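All remarks here apply to the structure that follows.
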């Protein structure tokens, strides 16, 4: 299957004027919260040229029962981030620009594409207090990347957000010298939450001074402060990663104090109690995966289809899981969820380490999500917060069970309206990345990034049949005639 | 009888809207001098004490309480209730560090404080840098952050604790160096921004005179000392002053009984902070009891955990005693709070019942 | 429970202090009241003190007029004080030690702390004096001083009272100290230390049996010696004969020689069983010369200590006793007392599931003698009353908590002169003004006899 899609990808990758394509679908999520029944969508030159009610004609591509959505937009991911982008010697690396450094050949992008993600915000890592500038990219397309490739075609917005990290991540591993002589840089950087905030404040105050100096025509230049200044002028949104509730409160306080014109919260794992303040401050939130204890999320999480998918790459299959001691995995019709016994849970973790990570099993995540609940997206949505969902590291493994669409499904399972869930993985994150008028919706003039799902995209057993990016089919899983 | 009384206090104020006037009639109240006064009524309205009198003028719902009503205790300086540590040693001076940024309002420690009759705490960055940053004053319970954080930034914390601020890598390495750095960073901070007071953590008479010297250049500004370590070292520096002291740990506190007595005689008054003590929440109260035994003055000992910390924080108009205009942060004890056999029955913060002791059979 | 007015003289067995504590004056204290003994409270109170001891306690003034030789009439001086008198506390577990004394590094120590106590001379040990002053300030009248903190047989500790010079003076019997389980530190795997303790007791008993064998052997040796001497005489004669004959037959052939007589063997002197100082202490404990005190926490260890007590008929106390409450019944049957420490973190008791209050109540309700001790020195005495008060706040019976600080530890340490206000008891008392000695909202003073 993967081979097939890889081949199709190669064919489709050639940039050429494409034949117009007509898709006739039974159901269509526009992406802005609207749903249409029986629609015909016409694509030409990588754009959507027509969206109208209608039924299938002979030349139209049609799969019975399938649903069309805009290509999914991952509002917060770490695809292609690692190695070359992890600069740890300083706590502030504001001028680090991910667009120049991210590995666009990373297999993560193919994983994402396979699960319907056609564009994504790439976030700098959370190791530094001010990590750098994130980029908004398409997950495929442009020229095939090689040593001399120009990535420009895939990078839609090279300055889509400035990463500021609050909480435990930037101080993790740092320690106080305690009077000992040491040359380790880890003995210098912040080692408390408080110190992290102090560094944020310090550098933004410097940036304010820097801006004053610039106004006075003083000959100053500082690459990092340039970036902060441009964020203060509102040219780059400031994306603050804050998980614990008090980190979220700190972010709101800093916004006011430092005059951040455009702040977006990332992860916000414990923010549901603060919906009111977030709405008042007009702060959008991009949630990471629901970080929860093993039993509450994983145990009730994976559905039969997911479990099959999870088991299929390895030699163990679900039937076999039943055969082992304590084989009490049982399927609940009502919730569509499997209740797993301990052995199966252990198997899950052997099979899918990333799965566990997405569910908060990495130590850092767990300690920063004391009050977390998988219902958080639904609660924020209900509180009126501009909510998007992000896959975080979920696409960085070949296993796709925690992918972006899974976050949306989980949000729906915990109470979010389906149309909102789709909006939170399409039009809303596109808007946050400054691309709201170009992608994230099925509307005339928008990029022809589309996903045709075998059923309702939010149903646990549906999968992408077609993934179309810039008008070209990049993933084709249609049943063979 | 005890049980019904607990229920009364437990249910009555909670069931009533906070705006209504409630007249609390306990067996006795703890007056500011630490003595018990019987037959007094405490009138609360809108989360504040509006009147304390034997026969109050106000009318409202009367609630009979069996026990002793005292103001909630105030912890002068602590690190509990914040996320992990408040020790940021990346630089010798960290004047912009705000304890409020490390504040964790969901921390389990808050409940522990409540159960021990503490209603307000001052959280400070650790005094490990010459200028460690700013403290924050927090109410132990409340509905929102806005209600809880009484003072976002209280005052700057300076430290001349030689052993703590010394650092072979970034300096200073001596008291002289510490004083120099402190001078520099205070100059940078701008003395005007010091509001009207700063706290100096000092551990010997050198520290005291250095602190006095530094603050004398600021002329109009006051400063408060927190006496760390062996009190015997301070000489007469603390005479007639209000000073912060860490709660007594299990260590050698009694060795200095005579020093404590001398200091009390010289007019020094004390305010306890639980940082540097044994870390146990009850240590605030235990320390007050111990001080009472040391100096033979229960009133001064009670003040060290109630009105004095409030004075140290410049908030004695809001917290620390039973006076009209103060926040209705009240604790009902089964006897005088300095009686070790007294237990917390219930706690009101801002006029709302936020804690009720479990029924006697659930105890132990 | 409340002040039962008691106008009778309270006269009990008189305990004569073995050593002179330096107190000499005679006077009568008049106080608002007195906690005389468990459940016996009187108001007001008159206490006559002479040479550091109580002569009488009464709710009326029992002073008698004396006429001097010159015809002058006089009475004992009366000192009026505010507050209630109560017996001084007995701290059954402290780390109070003479300066420079650090116990023994060996796993089996034979040291006795009483040998290292300073002479009763002013300024002899300033540091120790400050510790005593701190204890006095906290209302403590007598303490237990441990022999050391090393090894598992820790030597001989002693109860001590405070003299006029504020120095401790040994009183009562010596106490042989052991520590088992996690409390011991002596190179061995700690779980086996209780085996070691059992072994030294059984070895000591065995050693005693070996004296009987020695006596038998000695008797046998005496008989053998007699026999030997006879045989020797015979031999000498035979040898003489033989030599003579040999001389005569000198020229004769070698083969005709008679056999030479053999000398008899001298019987071996039986060996005396070897003595050892460490074993002597164990034997002393078995003979009732020493009390035994074992620092133990686990159920397994405590069970085996109960068995040890029964087997050798020891006078035994358990200190620490983290899990003693689980064996309350067994401890009561074996009449073993328990000393619980008040030091450390009250709320995080060694076994967090059962708070100190819970463990205390279980033991006391189970009929076990429980003493509450500071388990430390200096400041910890000061915390004793407040920490014990917290137990009352947590629901323990106030009178029982008070007893655990006074009469029970006195009993466990074999201190007849402490724990209540009776004739012959120590006049080192507590004077408190509040509702109880636990109440720090009112002044409390320690009364040091004059």
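Going by the order they are written in, the chains are A, B and C; count residues from 1 in each one.
One rule holds in what follows: a residue touches a chain if its C-beta (ideal position, glycine included) is under 8 Å from a C-beta of that chain, and two chains touch if they have at least 3 such contacts.
Note that the coordinates shown come from a computational prediction; the quantities given were computed from them, not determined experimentally.
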* To do: Report the topology of the inter-chain touch graph, choosing from line, ring, star, complete and other.
  => line
* **B-C or A-B, whichever has more C-beta pairs in contact** => B-C
* Structure fact -> chain A to chain C, mean C-alpha position gap in Å, rounds to 72
* Roughly how many whole angstrom separate the Cα centroids of chain A and chain B? -> 46
* Give every residue of chain B touching chain C within the complex, in rising order. => 34, 36, 248-255, 257, 278, 280-282, 286, 288-290, 292-294, 296, 298, 301-302, 334-343, 360, 363-364
* Any idea which chain C residues touch chain B in the complex? -> 130, 133-134, 137-138, 343-347, 355, 357-358, 361, 376, 378-383, 385-390, 392-396, 398, 434-436, 438-445
* **Residue ranges of chain A in contact with chain B within the complex** => 168, 174, 176-182, 187-198, 201-202, 244-246, 249-250, 253, 370-371
* Parts of chain B lying in touch with chain A, wherever the complex brings them together -> 82-90, 94, 96-106, 125, 128, 133, 145, 166-170
